[in-house]
Amino acid sequence: MTALADKPHLSREHMLDLFKQMIRIRHFEDKCYELYTQEKIRGFMHLYDGEEAIAVGIIPVLEKRDRIVSAYREHGHALVRGVPMTAVMAEMYGKQEGCSRGRGGSMHLFDRATNFHGGNAIVGGGLPLAVGLALADHMQGGDIVVVCFFGDGAVAEGEFHESLNLAALWGLSVLFVCENNLYGMGTALALSESETDIQRKAACYRIAAEAVDGMDVVAVEAAARRAIHAVRNNRKPYFLECRTYRLRAHSMFDAQLYRDRTEIEAWRPKEPIIRFQGWLQSNHMIHPEDIPRIEAEVDAEIAEAIAFAEAGTWEPVEHLTRFVYAESAVPADR
Amino acid sequence: MQQETARSGTIEITYREAVREAIRDAIKRDNRVFLMGEDVGRYGGCYAVTKGLFAELGPERIRDTPLSESGFTGAGIGAAMAGMRPIVELMTVNFSLLALDQILNNAATIRHMSGNQFGVPLVIRMATGAGRQLAAQHSHSLEGWYAHIAGIKVLAPATVEDARGMLWTALEDPDPVLIFENVMLYNMSGKLAADAGPVNIDKAAVRRPGRDISLITYGGSLWKTLDAATTLAAEGIEAEVIDLRSLRPLDDATIMASVAKTRRAVIIDEGWRSGSLAAEVGMRIVEQAFWALDAPIGRVCSEEVPVPYPSHLENATIPQAPKIVAAAKAALGRP
Amino acid sequence: MAEFRMPSLGSDMAAGTLVEWLVKPGDWVKRGDIVAVIETQKGAIEIETFQPGQIEKILVDLHTKVPVGTPLALIRMEGEAKLGAAAPAPPPAVPIAAPPSVPVSVAPPSPPPPPVAPRAAARAPASPAARRLAEERGIDLSTVTGSGPAGAITYTDVKRRLAEAVAAPEKRRAPWLDLDAMRTAIAAAMARSKREIPHYYLEHQVDVTACEQWLAQKNATLPPENRLLFGALPIKAAAAAARRFPAFNGFYRDNKFEPAQAVHVGVAIAIRGGGLAAPALHDTDQLPLDELMNRMRDLVQRTRAGRIRSSEMSDPTITVSSLGDRGVEALYGIIYPPQVAILGFGKTVVRPWVVDGAIGPRSVITITLSADHRVSDGHAGALFLAEIGKLLEEPSKLWTVPTFAK
Amino acid sequence: MDRSDIREVIQEELNNIAPEIDLASVDPAADLREALDIDSMDFLNFVTAIHHRLGLDIPEVDYPKLVTLDRAVAYIEAKLGSSKT
């Protein structure tokens, strides 16, 4: 863990907030796992278990006006960005009170209020969108940062290279965040990439890059501050590879034949919540009663979200074709 | 350049110049509008449509892109989501296949899937069709594929008036609009009102009224169909020629009104017959005007082969006026 | 007592096979502990419990395939009595709330195009347009020669057939309407009427200007199919008057007169190409004018098509004959036996007429009565005609039903 | 709907009413009621048919404008023209 001294922001209140944010994601998704086995949630569901430090370290550093593009392992990003947990849970139930009107589900959370431009189920599909969002802001003379989250699997896609090149070529304020959890679904990184030191790929497009221990929320936050500052001021893209590990399967229905249990057990003690809790305790920044209080607050929020989703309603079938196109009349002839 | 015919207020202009004027006019009128595509700037466009615009409007608004169709099309979508009104030029429909995922899974889908929180007011222009001996990979006509996609609109300007007028209306549309420009039309010149402006993009047009048979077509095939109608007229057959203009949504009302009158229809479509736009139009006629039909619906489409390089084979592949005349006569039970 | 159930791990997973228990009764487990391994089509998957507590009882043996949701083990929660030792019956397993059934109603199917009405298989195929025209014009497709491929009948073929029909009227007239037979029947009836019935004749002229104005004002508000013809008014007036003067409404049979209970006015209808019939409009006095008009229109159309019901021919209790606007001023009809009266309405003529002492142009119609002197006399006939005249001067009264209490 | 179409519709309807008359031989300027021996019931049916097929409302006051073939065609053409604008 990074030394306490050179971390000016390490107030107790901020540390507990980081801790709570991670617990919030972990418990939320743990409940989702249970609800999925009870057939309340269907479709694909990809959990963030073990990678929470990345979302909690990066997203709070953004401004309200900044924009986020995520992929399908997106619950943590949405929750930390401020998409209401009630709306997220309702969306996973497929209820119309969900943040995408129940139409997207776990992989397609959208929220205009927080500039959360959705998950994307096509690997690498979000990268060009992020470039475009930054291009628009660039042409409108703004100074926002667009953060684009993707996994190590995406670096093999053509769009990854096209997007990095466009961002560098046109000087666009995109923070590319690669959540490298060592597996592209069932394929270990070494079996799909000739160069496994992913952050080195950014150099081909002259994009500043660094790798950070994705299990250390404080380290991730420090890197995020540097990266976001650089992007906003230099008006250039930045590449941040967060090295992490996912403790659960790729998605719900995955026998994980590609790795054995000992490897998972070896990573468990290194997961961000356990590490951060240990670090907080050794630095006397957390009191014994903090943890149960935080967990109670989080579990109460989750219970409320579930009740909200249970009470949610199904979008009427008659609305099936609404919003395929905009409903405002288009001025045809002028 | 256009010759100004002061007296009657019309100008003689080529289809290419009409498209260029539409782009220039849009960029000048709305600072959210910019053009993005391969070789559209310094090179002036591979069909010289955007020649001169780079010098006049600058690199920000006439933006050359690397050969990354998926990348810059996705960027166009992202920019549109964030308040811009981009015009993405995919050089030809043949290269648009690399961007089909972005067009289908993002552009066409986001409004519906986001519960109407995000729209994609984007225009994508691309050349289409065969006829320049560019062989199979450069001669596709896939408007029918795109007209299949829920969430986008698809246009086929066949006249200089539509080439000049459709772009602005499309840019004002809150949803993605694809505009297909047939390669054989760029050099065609025609009359245009000097002050020509935006036109509607949801109605078909009766280009030639007639009583005996409805010839329904779009884009590059319109002019071959009009030639066929002239030949038929010499034999006493009055054919009505319908220019679809919009391939999605289709203007059923105009089609059915024509078929109800003539009781016969032949559809001319440069796509391959199987699963073509012609198949869709034909099915709609059967659904909505069955009891008016006095003959089976005819189709004149491309032969189902990769378009060959030699011109005699290329001409044999794509619809031509004689084939249209023959199909019309067959429908009329005439030799 | 909570149940540990077979979890669903994917929408395409219907069941799982238990291959290994990692716990045994009595073990304490907490939320998230791996308790068993199940075999699925994707391979072996460790499953965890969400319910802390002590494993009470294993319910499913190894290597048995069970559907999703099947209870696999019972978990006794902290502080709960053990099963069996005077323990109350285990609380009913908390039923997993069945997922609210997603409304399965598919989007209301857009109305399927009208099913193609099964056509009697005409011998030669005919185009839809040809079929529709033939049906509209009542042309039998089998009588049409097709010029289309394999003799298929086209629209133009049917039109040509229609034109041919015009050229040959004989072939054209409905074969079931034998005018010659009709002529002989009329001859017999008229001859018998003249032989047996002592007719007396009366005539009465009536100012019908009010009728014309009322009718014009009424029709201005109606679409063509609901408009009234002038001819309907005299029939209504005659029916109303006949109700009050029974001597003109009945039958003379077996040397005596039977007054009729109802008033069925026989309407004389000319048939194209010669021929005449006077079928009955039943209960004419009870019909409101618009209903009377509809029935008259139907009666005329059926009569000309030769489809009159036998009751309509035998039931008339009095007959009204009108030559309409192209006839003559007055007509003196011959009574249809066994009836005892026939009214004639001549052509409406504009003639000088004294109204409140002043002379002016008025529309005047001449009404005639031929009646059976065995049943009624001139005096009664005059009163009868006067009543009809009075009714025609107040047309709005004729509009309502019944004009006069029965 | 041009002039020849209108004439065709009128002849078709008159043909329904007086099928045995050869319309081609009828003087287009002659009074139809005379030429085809049409009574007021027939004429009302004719007006009703035109109303249905062409969607034209024909008030009673206009009946005199329809008594010959030529005048009927002219009347309907004018009415259709005005209703289209």
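Per-chain residue numbering starts at 1, and chain names A, B, C and D are given in the order in which the chains are listed.
Methods note: a contact is a pair of C-beta atoms (placed from the backbone, for glycine too) under 8 Å apart; a residue touches a chain by one contact, two chains touch by 3 or more.
Please read all numbers here as calculations on a predicted model, not as lab measurements.
K.L.:
Which chain wins if you rank chains by how close their C-alpha centre is to the centre of all protein C-alpha atoms?
P.N.:
Of all chains shown, the one whose C-alpha centre lies nearest the global C-alpha mean is B.
K.L.:
Taking each chain's centre as the mean of its C-alpha atoms, give the chain farthest from chain C.
P.N.:
For chain C, the chain whose C-alpha mean is farthest off is A.
K.L.:
Could you please state the distance in Å, as a whole number, between where the Cα atoms of chain A are centred and where those of chain C are centred?
P.N.:
So the centre of chain A lies 66 Å away from the centre of chain C.
K.L.:
Find the geometric centre of each of chain C and chain D from their Cα atoms only, then give the gap between the two centres in Å, rounded to an integer.
P.N.:
28
K.L.:
What whole-Å value do you get for the distance between chain B and chain D if each is reduced to the mean of its CA atoms?
P.N.:
46
K.L.:
Any idea how many Å lie between the Cα centroids of chain A and chain D?
P.N.:
Centre separation, chain A to chain D: 77 Å.
K.L.:
Could you list each pair of chains that touch one another?
P.N.:
Every pair of chains in contact is listed here: A-B, A-C, B-C, C-D.
K.L.:
Which chain B residues qualify as touching chain A in the complex?
P.N.:
Listed in rising order, the residues of chain B that touch chain A are 34, 60, 63, 65-66, 68, 70-84, 101-102, 105-106, 110-119, 150-151, 153, 168-169, 172-175, 197-202.
K.L.:
For chain A, which residues are in contact with chain B within the complex?
P.N.:
Going through chain A, the ones touching chain B are 67, 69, 96, 98-104, 108, 110-112, 117-118, 120-122, 125, 127-137, 139-140, 158-159, 162-163, 165-166, 169-170, 322-328, 330-334.
K.L.:
Could you list, by residue number, the parts of chain B that touch chain C in their complex?
P.N.:
Chain B residues touching chain C: 263, 287-288, 290-295, 333.
K.L.:
Flag every residue of chain C that touches chain B in the complex, lowest number first.
P.N.:
Interface residues on the chain C side: 113, 116, 127-132, 147-149, 154-156.
K.L.:
Inside the complex, what are the residues of chain C that reach chain A?
P.N.:
Contact set of chain C toward chain A: 5, 7-13, 31-32, 40, 42-47, 50, 68-69, 96-97, 99-100, 102-103, 105-108.
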